[in-house]
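The following pair of complexes shares a single chain, chain A, combined with chain B in the former and chain C in the latter.
Up next is the complex of A and B:
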């Protein structure tokens, strides 16, 4: 069964006449890397907000694990899809880097020692340990990006939805991210990757979808 | 006269905080494109903020050494005066956009220079056309995608026609067509004698630069021709 299923989904922002997405049908499995490409303004980020229930379709319906997205709370969706926003500033809200990563992990209900272990692991992997007590918004853009990724990856959701995850990452950190994706894939999880980074897409994508004028034009 | 002179620049955000830039010196001649690369957190954006005078005027912090843009010491001039010399495009366009429409956003700075309305109109049209965003003219910048926002932020700065541009990862969210447009604009601007300092990670974009500077932990560790420096840096990172 598809992890996410879109049936005739259209979306139009309030007050605008032209729909951003038109009659989209799409199945996404929780394995492999589905890359979504398209020109600036083609609706990639809008699609990601629909997949996570942040926006509701104007027409059509979306199912997550067979359940209608509209019947689930954002928390229930968030446990199944880990969404890393295009702009990490919109995702970070805690007082320290460590707290930021710990927040979601604690909310999963893990025992404290296991939660702490998980936080240490991802903080170490994404080379954020030296910033553990830093205020997240005082970090550089690349560091904020790594923190947003780390905080979501720590939750180990079934599907990762990454909106331009390589923006602001230097080549070395890009490779770290790629290696982590390989690890997630090996553990049987799926990734939806929205990106313009052709090199990164070529290396990791197992399925390539192109958005144009609100519809998928290629697969 | 050099367009940019950075002389023994050190900087930190708080007096007791971590030193972000450590004793950096370099010069950029008019008409040069210089790329600034380095691992995230090494001080690239901080250096851009120093060029525009945001540090120390707005963000405070402790700055030693000297930064001159077209001969003007950034400590002695107001940010508004420095903006006429250096057009700064931030890494996050959301921090830069505030007007209700794309057109207003681009017209704002030339209007504040008290240019005649006709000249403002001409500049806005030219910028919209060059960047290929004329169809977004009446759109609210908040409704744009990440890449489109960066094009508008870039347009707002180009409309000021500064002689120096400091661009902080402006290509990061652009699609291939947008990247090509900006690359072409940068090469055209160089032909017109403008000076460009750009922070970038993408080797393809960096390749248009005449020189590449590499920062590591706040220190300038390399300064040389793009082909040489890029090769050395990539093999250093082994990726």
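Up next is the complex of A and C:
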């Protein structure tokens, strides 16, 4: 069954006449890497905000695991979709790296010792232990992205949604990111990758979608 | 009235709010409020649509009015409970004054929104306020929506990470709202820093004298409107001394 299902979804920002997205039908599975490409301003980020319920479609409907997205709270959606913003600065709001990861873990309702264990594991997995006490916003761009990824990953969502994750990463960090994606897939989770990094997409994508004039063309 | 000079609009707002401060009777204040509404109508501002946006503040206003009328003593007692005077004519009198006064402030401030922020900077400069100060005002106006947007993003990020702000009790909520400040502060500092560099790169203050592409020019209507408001305000304020 499709993890996310879009039915005739259109979206138009308030006060604008031209819709950003027009009549989109799409289903996304929680396996494999679905890559979404498109020129600047083609509506990729807008689409990702629709998928996470941050924006509501002007027309059509979106279902997540068979439930209407409008009937879920952001909190419930966050458990199922791990969304890394195009600008990860905006989703880091704690005093230390450790806190940042613990923030989501604490909301999972685990007993304290298990929660602490999980925070350590996630930090280790994303090679952030070295920076555990650092201030998140003072990390380098690549580290911030890794931290944002780790923070949403800790909630164990079935699907990761990454908006232009390779921006500003050096080849080595890109490779690391790719390795995380592989690990994610191995753990039975899906990934939606918004990017126009052709090389990266060619290497990791299992399905390629192009966004043009508000509509999708499958490639 | 829509094409007035921003300086004229500032004068109108100053006149209306001065009157609202000095008038102290419910009837004149009501009249002033109605007059302000007429001015808004002439400027094609929809007062009621604007007011709807602030409807969340309504309970606060109501509470203030009740407190005001309960704690003002004197006049005839209209309602008392076990010898305590709860509602007196003076209480109603003063809370009506406050209501109309606030409404007048609020609605006259709406006049500001009919010009864009650049015009106000020009207006300030042409009122001989240093450009540096005027520019700061412009920057503040320019970045306010950006910061609001950022706060909204952080709130979304918090919710996506499992905090349901609608469900948690108030005393915990405050703790989570403190999380909003760190990213905001850091982004304010960053933006200020970048702006400073950009400004220098574009030769801000390289010459003592700045010239402007466009100058604000008073028209006849501006003189008429300004004259009317200033004279009417002075007349109303001094009528007490005349009699």
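The definition used in the following text is that the second predicted complex is superposed on the first by the 218 of 219 C-alpha atoms of A that agree within 3 Å, B and C clash if a C-alpha of one lies under 4 Å from a C-alpha of the other, contacts with A are read in each partner's own complex, and residues count from 1 in each chain.
In this text, contacts are C-beta pairs under 8 Å (C-beta built on N, C-alpha and C of every residue); 3 or more make two chains touch, one makes a residue touch a chain.
Since the model is a prediction, treat every value here as computed from it, not as a measurement.
Judged by the touch definition given at the top, the superposed model places A:151 against chain C, while chain B stays out of reach. In the overlay built on the shared chain, the residue A:52 is in contact with chain C alone; chain B does not reach it. In the overlay built on the shared chain, the residue A:139 is in contact with chain B alone; chain C does not reach it. Touch criterion met: A:83 reaches chain C, while chain B stays clear of it. Of the two partner chains, chain C is the only one touched by A:91; chain B is not.
Of the two partner chains placed around the shared chain by superposition, chain C is the only one that A:108 touches, whereas chain B remains out of contact. When the two structures are aligned on the shared chain, A:71 is found in touch with neither chain B nor chain C. Applying the stated contact rule after C-alpha superposition, one finds that A:17 touches neither chain B nor chain C.
Residue overlap on chain A between the chain B contacts of one complex and the chain C contacts of the other covers 89.
Against chain B, in their complex, chain A makes its touches with residues 13, 16, 38-42, 44-45, 86-87, 89, 138-143, 145-146, 164, 167-175, 196, 198. Residues of chain B that touch chain A in their complex: 13, 37-41, 44-45, 91-92, 94, 143-148, 151, 169, 172-179, 201, 203, 234, 237, 239.
Residues 52, 54, 73-75, 77-79, 83, 85, 89-95, 103-104, 106-108, 137, 151-152, 155 of chain A are the ones that touch chain C when the two sit in their complex.
Considering their complex, residues 150, 153-154, 156-164, 166, 179-180, 182-183, 186-187 of chain C touch chain A.
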